[in-house]
Every structure is written in C-alpha cells, then in structure tokens.
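Multiple structures follow.
Both complexes below contain chain A, partnered by chain B and then by chain C.
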Partner chain A sequence: MVTTEKLNLLAPGHRACPGCGAAIALRQILRVVGRETIVVSATGCVETFTSPYGQSAWEVPWMHSLFENSAAVASGVEAALEAKGEKANVVIISGDGGTFDIGMGAMSGMFERKHNITYICYDNEAYMNTGVQRSSATPYAATTTTSPAGKNSYGKMEFKKDVPAIALAHDVEYVATTSIAYPQDLMNKVKKAIGIKGPKYIQIHTPCCIGWGFDSSQTIAMGKLAAETGLVPLFEVEKGKQMVVRKIKNTKPIQEYLNKQNRFRHLAKEDKEKIMEKLQEICNDNVKRFGISE
Partner chain B sequence: MLTIGAVCEAGKSRLNKTGSWRDYYPEITAKCTGCGICELFCPDSSITIIDKKCIINYDYCKGCGICANECPKTAILMKEERK
Partner chain C sequence: MSRTAVMEGSFAVAEAVKACRPEVIAAYPISPQTHIIEELSKYVADNELSSKYVRADSEFSAASIVYGSSGTGARSYTASSSQGLLLMTEVLYAMAGTRLPVVLTGVNRTVSAPITIQPDHQDTMALRDTGVIQIYVENIQEAYATHIQAFKLAEDHDILLPVMVCMDGWILTHTFEPVKIEEQELVDKFLPPFVPKYRLDPKNPLTYGSYGDDEVPEFRYMMHFAMEKAKTKIQLIAEEYKEIFGDYFGGLTEAYKCEDAEIILVAMGSVIGTIKETIDQLRSEGKKVGVLKVRTYRPFPAEEIFEIVKNAKIVAVIDKSISVGQGGQLATDIKAALINKKTPPLVYSCIAGMGGREVNINTVKYIINKSENSLITNQVPDIDYIEIKRQYLE
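Up next, the complex of A and B:
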C-alpha cells in the first residue's frame, strides 16, 4: 500500500548531471505549485535537460522562450489567460544568466506592468549549460572559463549583483531568497508567492557540482554551508511588511565553504590571503546587514 | 510524439532510463524509518516512500549519493555498481 504518494511533477529520465541542484529545485517548486500551473523557462540547463526532442520531463504545461525573454513570454501567457477568463499559476523558472544578465530588461518590464507572475531564478552562479562562463551572479573570486584564475588574476573581479534589491526597487508584491538545502523554507516561500496577486520574485540558491567542482553527493551540504557562512542570506519581504530573515546559530568561517570547491581552490595559496579576507568581509557584512546571527 | 508547434506529451523523459549512468548504487538498510528526507532531495525523482520504507527506482537513479549523504539515520549505503 502506498502511504506517502507525494506530488511529483518532474518525471525521471531527464538528463541533468547526477547530483544537479537545479533538478532538486524543480521538484520542490512543482510540489507546491501543483498541476494548475504553466511554466516558462529561458534557455539554460533546466530547459536543456528537461526537453530533449520528444522526451519532456514536465508534467505541467511548459514553454521554452529564448535566453533573454522568459518574462516577456510569460507576460503574454498571463495576458492570454486574463483575456480568456481562465485561471492558472504562471511561473517562470530561469537561470541566473537568463535573469541577472540577459533577461533583466524583460523581467523589469514584467514587474513594471504588474503581471500576476511568480518569477523564480534558480541561481547556480554561472552559465552552466554552455560550459561555466561567469555571470553577474557568480561570486567574487570564483574561477570560471571567462574569469579564469591564473598568474595575473584571482578569478572573477566583480561582486555578485543584488537582484533581490532590484526587484524590491520595482515595488513588487513579494521578494524572497531561499535554497534547495532548506526545502521547507523553499516550499513555504513558493507557496506564499503564488497566493499573492501581482509580480513576485524568488531567488533559489542551487549548487552545481559540475560547475563549482565538488562531489555529486555534496550538493545539499554545499547549499547549507553557503547559508551558514552568511555568504547567501535567506530572507523574504512581503510588500508593506518587515523583512524576515532566516537566522543562523553559529556562523561558520568562509574557508569551510571555499575549501570544498574547485572554483575557489586557487585561494588557498598564500598570496591570495587578501582575497579570502575580502570574502569573509562580504559574509560579515551580510550577517550585520540582515541580522543573520541568532 | 512531437506535433506542429513542437508540442510534446508530458513525462516522456521516462523513455530515457538514466539508471545506466550509475557508478554507485544506493542500498537501503533496516535503519530506514521512511522519514522521506531523501525523497525531497533526490534530483531524479527516483525515490518513493512505501510502507514507511524508502524504495529506489533503479531504472532512473543516477547514483549521485545525495540520499545517502542526507539521510539522518545513515540508513543508505552507496555500493559500487558491477555491470
């Protein structure tokens, strides 16, 4: 007898790498949005691994846009539903490249026109589908194929773009950051978002074992460390209410996170101490700014 | 099948048995209480909880090892796959 048949709307057989954080994000999102949902995804790993020719992994209506315009396509879907008097959750699930970089304009327009859409960015912190190029979501000092660490470089020289703040500046109804390592947190936030009318933005931290360089079994462990060091603050802001932050009992030193990933391995060298310190400073600032410590 | 406008039937990825990708396979031991934590973390929709026990679908499990790593009871062991 089946005692716990959970709603699973991502079929097995998809072609994500073993241990893919983005695939975990999809399963947790779909569990709470349910069947009455239309999803739009920009080009990226999720789009690629769920939709090889004739073999979709989606159990809900799903549409692939281009890399740059998932928010524009979803706006059209929502407008069409409205015109026809039909109801469905319209959800965007796009990568950090498709959100922080090339999709920023379309997303801004969607927010400004106040479409009733939940925009979810799965943030694996680089362009993974095309072979790990840096994006504006890539953390400071990470090595990627287009920000390679070497004799004259310590990796990416720029800081991560604060997209939740940009979403907030659009006066959207709800903004949250979350992580696949905290499924209840993630599912609560997604559930809350789809229940609110108007534009919503959720950013999900989704470790990528291939692009970051760690063992496939460590995906969740890496997500936890990102939050526990303060590097990735988890919070939510409902319009008109005070920000709610997920507290951490004892924050961990950033080295614990960096040491476990090839993309930061070059920082272990002596002459890179200053860079390490800078990363620790980013964490300390987050802890202070968001009040992360318990 | 694909139609005009590239409309595809849902869930057809099931045709692609990703179990053949595996180097290691998860083995469930008697310590499993069926809490369902592994099911929430499996990227490949390869775990179901039946009668308070975790059941792996080896047709699709890719052997990533996340379930074994996250199990609070250490009830899952990763064993080398012999093909």
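Up next, the complex of A and C:
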C-alpha cells in the first residue's frame, strides 16, 4: 500500500469546482487501478473538467466519446485488447445520468455480454454538468432545476432508481456501493473489482456542493451523513457470496442530512411533514433491508 | 489462385471483410444488412476468421464498440442499414472527429416513415456531413474490391477517417453474380496489418475525446483537408489494387461514353448498370448520350465532374433520395460543382427509385427524352418526380 499511496494518476490543475466529490473519487480510484489501466468516461462533469484539449489531467490512457455509450466504447476497448492478446484493466468512470438514464441500454449490453470491465458510476445525483437537472438517481423530494418545488410540486416526485439491483439482475460478478467519505472502503472495493474477471458495477456516492447547495468544505461530511442516516447503504455483493453491508452504530435522523442542503430546504419551509416522513421511511427501510444497524 | 464463384452480394462482402482480417467486428441485425453479418459470424464460429465478434445490443452500441476497438488500435468493421445507420449517426460524427479508421458497409435502405425494407439512398445521404468517407458501388464485384480498398484508405495515416461502402440493399446484397475472390496471400500483400498512428495504450497514455474549448474550427478543417487528400489516395489505391489483382474499379468517378455526349446522366450505385444498358441502346440509334457514375460522394469530386460534363448540353441527375424542402442531394452538389464556371450545362434534377420504386430502361429513356425536350425548349424543370403516382398528390 505504501507505494500505491503515492501514485497520483490525476494531474493537479484540472478544472473541477473546489470541494468536488467526483474529483476525490477519481483520485481514489486511480490510486488502486494503477497505470496498467484504460479508462473510458461518458460526457459529464468528469469529462469536462479533466480533459480540456492540450491540458488533460489523465495519466492513464483515457477515452471519451459520447454521453450514452461509455459501456459500449469500453466493450470495444476490451475486445481489441483481447484480439491483440494484451492485458489492461478496463475501467469506466461515468456519471449517474450517463449510467442510470441515457447509458442504461449500453451498460445492460456490456453486462450481458460478460465483458471484463469495471463499471464505476460516480453518483452526484443529478445532471451537474448541464446545470443540476434531475436524473433518475436524484433522491426523492430533492429540488433540481427541472424538478423545482412549487405550488404543485415538492421537488422530485419519484424514488431513486435501484441500479445496483439492476446490475445484480444481470448476474454480474461483483456489485458494490461506496462513498468518497469512506476512502478505504472505496479503494478496497475498486481493488477487489478489478481483480475479478467479468463485468463489475460500483456506484460511488459523490456529493456535489454546487448542485446540492452546501459549503465546499462539507463534501466529506455530507457523504458521511448520507451513509449514517441509512439513505445511502454501502454494501458489496460478490457473486455466489453473501452481501456484506457496512454497519452504522447509531443511525442518524434524516433531518440532519436534509437540513444541511439547499436542495431539501423547501421541506423545512412549508408544511411538508409527510414528505419528510417518507424520506425517513426510505432510510428505515434501508436499515432493515440491508441490516445496517450494528 | 483467385477463384470465381457465383455468389450472393452479401457473401461477397463477407468474403472481402474476412480477407481483410478485422480484429474486431461489432454489429446489430437489420434488413438488408443481415446476410453480411450472419456470414461473418459463421466464419468466426467455424474458426475461419479469428476476429473478436461482439454482438451488440443496438447499432448505437455497435458503432460505439468499433469506436473503442479502433481507438485501441484494432482493425474494426461494422455494417448497418436504414434505421440502424441513423441510430449510429451521433457515433459516426464522433468517430470521424476522433479520426478512427473504421470500415462500415452502408447497405442502402430507405428510412421510416412509412416503414418499408425497400432500398433507396435516404439513409446514407443523411450521413453525408458526418466526416465519414462514402463510396457508392455499382455491382457485387465492385463491392468486394471496394471493401478491401476501404481499409487501406481509412487506415492511411494521411486520412484516418471512417470509410463507408454504400451498396443498394437487396439489389446488390441479395442477388447473385459471378464474383472473383482474390487469393488471401495477395490481399495480405495489398493490405498489411493495421499500424495505428495513435492508440489507447498504458505504455503511452493518451487522452481521446478531449473537451475542445477553442479548437473546433481547426479540427473540422483538418477533417476536410484529409477528405481532400483522400481524393488522390482513392485513385492511388485503386491503381495499386489493379497492379496486384489485375482489375480496376474506378477512383472517384467513372465516365461511360461521355466524351462526345450532349446528354449526360449522373447517378450513384446499382442504377448505373441499368443506365449503361440504356445508353448502349440509344447510342446504337445514334444518340449522343453518356453516363457519369459518382463513386465517391464524400469527398465530392467536383473538379473531376466538371471536367467530364463541361461539354455536354444537359446533365440529368438521378437522386434516390430527397432533402425534403430542398431537393435531390446529388443534384444540389452537381449544381454546386458547375457554378462559377463559364457556360455550364443545364442541370435536370430527377428524383427516382425512392422506396424501391423500380428504375428500369424505360425510366431512363423517359429521363433522356425529357432532357432532349429541355434542350429544344431551353427550359428545365427545377425538380422532376419520376413515375410518381399523381393520384396521391391531388
């Protein structure tokens, strides 16, 4: 670990916002995947802030093509390596929009064809690159620029899509959720994934200070709270083995998480108690379903 | 030794692709492209071809897969038609912009709506601005040879653009003709393994698909410049092919009996055969008619076309597609090639053969007859919809 700790394959000077959760995820991922890696990314914040022409921050080979095809492009990369008898980790790093929504078909195809690829979704819970629009990863009741609160609306009216379950339904080799707030957990999971042959899916919770509305010094704290309330369960499922869940000693009330973010501010203002209760219910359900409590 | 066999057009294309030894093939089925990709899967299943064959989940993914494999330095191939080609559109722009030398077959079929599997050029015409080189072939033998030439062209370090071989669905893919299949050793000599100029490789980490804040005009210009260079390259490659295999299939255009022609028809694809046949008949009656086949549509050989048609009195252009609200795409480009020239011939734009409507000898004769009338009255209709069922228009 001592030698890899020093490895930084994301050059400084990229254009991420201060306090960007996705940038933290990148550094943690690259630290464990190492140099023998080819990364494919979808259009989104990561693509935009790392790749300006002539100023790429990537010190591993990296390919971006479009918003909705990173899983297919990576399938081609992997096929080419196989055809040539070469070896490298093929890792996708794409956003929740590029994964949950527009890239779902390509990802499903990649899983089904059993490519030897680690698909990592950095989940900041909205289309941040285009100005914080709703995605199907946006949590229930959060406001975004396309799911604003109003007379007739309390923000996003639908629940977050369960993509890890969708990955599991494809019978992939490994599925995990993790968070930048738990770097060791994140790195262990990425490391485990790249060591397994076949398709793998990792979903990383990456708070976004601009999109969620919190101070840029609080990114990690926000990630921690998301896990501690039970809203974002952290688990892993290795094929053929039992699910392993990260336990939380004393889960915190969802209120604590909501109060700190502008995207949920409307819930405090008006009489939205039912909505709050619903959010708490989601957390309670997670705690029960995943056995989060110690 | 080469061998000549009577075979279906699709199988001839599959033979050609096999001989080029693509390292990665990705495809998704759609009529009338299916027989090509089925035959290729059979080769792989029978171990006659060692390609990695990826059965994609859509044409969008198929194009994306060969995007990734080409970027990783593998010779890559795909094929599609109609809706499938349209679904690839976004990827094709990116592929050309990223300068990835993928070869694909555009098996021509019209696009919905109305839905039908009949052939015309509406699908590939929609892709003419992508930066993908487009070569339209007339017959099965030419389809065979052009695929082999296409890889050499795409992979040339001065070009590095995707190349699409456009062939009329059904008319060329599902009919049988004698085809000369070349010896593998000679194909290997003509087309050595792909040597990428750049590729994804951990030993030399490069960034593909950068965010371009202030580079767009330059990148587009460089693509255009590569297209210009392709005009010479296509001819050189055709000549090299002839040297090795003994047959020549034309470079950018082919002029048939155009030298002294007063009326020159211009068209692309399989309809050229029918037009040649008609020209022969009319020539025996003493009519000064000829046909110009546009083989390479992108890059568009405007200068060469002008040189061929400059002494004609009228040029009748047959488009098997329409830019709705404007007219025939080929006719528009032909007009552009003639503008600013002294005493250019008249241009008569005919829309024919859309949705598989037959273009036979009588159709061609009708067009020539109308061209003759135009010369007498010195009036050309802006656009003429050939053999349209007028009752629908009332």
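By definition in this document, the second predicted complex is superposed on the first by the 288 of 294 C-alpha atoms of A that agree within 3 Å, B and C clash if a C-alpha of one lies under 4 Å from a C-alpha of the other, contacts with A are read in each partner's own complex, and residues count from 1 in each chain.
As a convention for this text, a contact is a pair of C-beta atoms (placed from the backbone, for glycine too) under 8 Å apart; a residue touches a chain by one contact, two chains touch by 3 or more.
Only a predicted model underlies this, so the values are computations on that prediction, with no experimental measurement involved.
Asks: Which of the two partners, first being chain B and second being chain C, lies in contact with A:Ala83: first, second, both, or neither?
Replies: After superposing on A, A:Ala83 lies in contact with chain C but is clear of chain B.
Asks: In the overlay, answer first, second, both or neither for which of chain B and chain C A:Ile24 touches.
Replies: A:Ile24 contacts chain B only, not chain C.
Asks: Output check: A:Pro52 vs chain B and chain C. Expected answer is one of first, second, both, neither. What do you get?
Replies: In the superposition, A:Pro52 touches chain B and chain C alike.
Asks: Which partner does A:Leu66 contact after superposing on A: first (chain B), second (chain C), both, neither?
Replies: A:Leu66: touches chain C, not chain B.
Asks: Could you tell me if A:Arg289 is touching chain B, chain C, both of them or neither one (first, second, both, neither)?
Replies: A:Arg289 contacts neither chain B nor chain C.
Asks: Is A:Ser108 contacted by the first partner chain B, the second partner chain C, both or neither?
Replies: A:Ser108 sits against chain C, while chain B stays out of touch.
Asks: With the two structures laid over each other on chain A, which partner does A:Pro183 touch: chain B (first), chain C (second), both, or neither?
Replies: Only chain B is touched by A:Pro183; chain C is not.
Asks: On chain A, which stretch or stretches are contacted by chain B in one complex as well as by chain C in the other?
Replies: In chain A, residues 51-54, 56, 58-60 are touched by chain B and also by chain C.
Asks: Under the stated contact criterion, what part of chain A meets chain C in this complex?
Replies: 35-38, 40, 47-48, 51-54, 56, 58-66, 68-69, 71-84, 88, 105-106, 108-109, 112-113
Asks: In the complex, go through chain B and note every residue touching chain A.
Replies: The contact residues of chain B facing chain A are 1-2, 8-18, 21-22, 34, 36, 39-46, 48-52, 57, 59-60, 62-66, 68-70, 78.
Asks: How about chain A: which of its residues touch chain B in the complex?
Replies: Its residues touching chain B are 1-6, 8, 10-16, 18-21, 23-24, 27-28, 50-60, 180, 183, 215-221.
Asks: Quick check on the complex: what are the chain C residues that touch chain A?
Replies: Touch list, chain C to chain A: 23-24, 26, 50-52, 54-58, 60-62, 64-74, 76, 90-91, 94, 98, 200-202, 204-213, 215.
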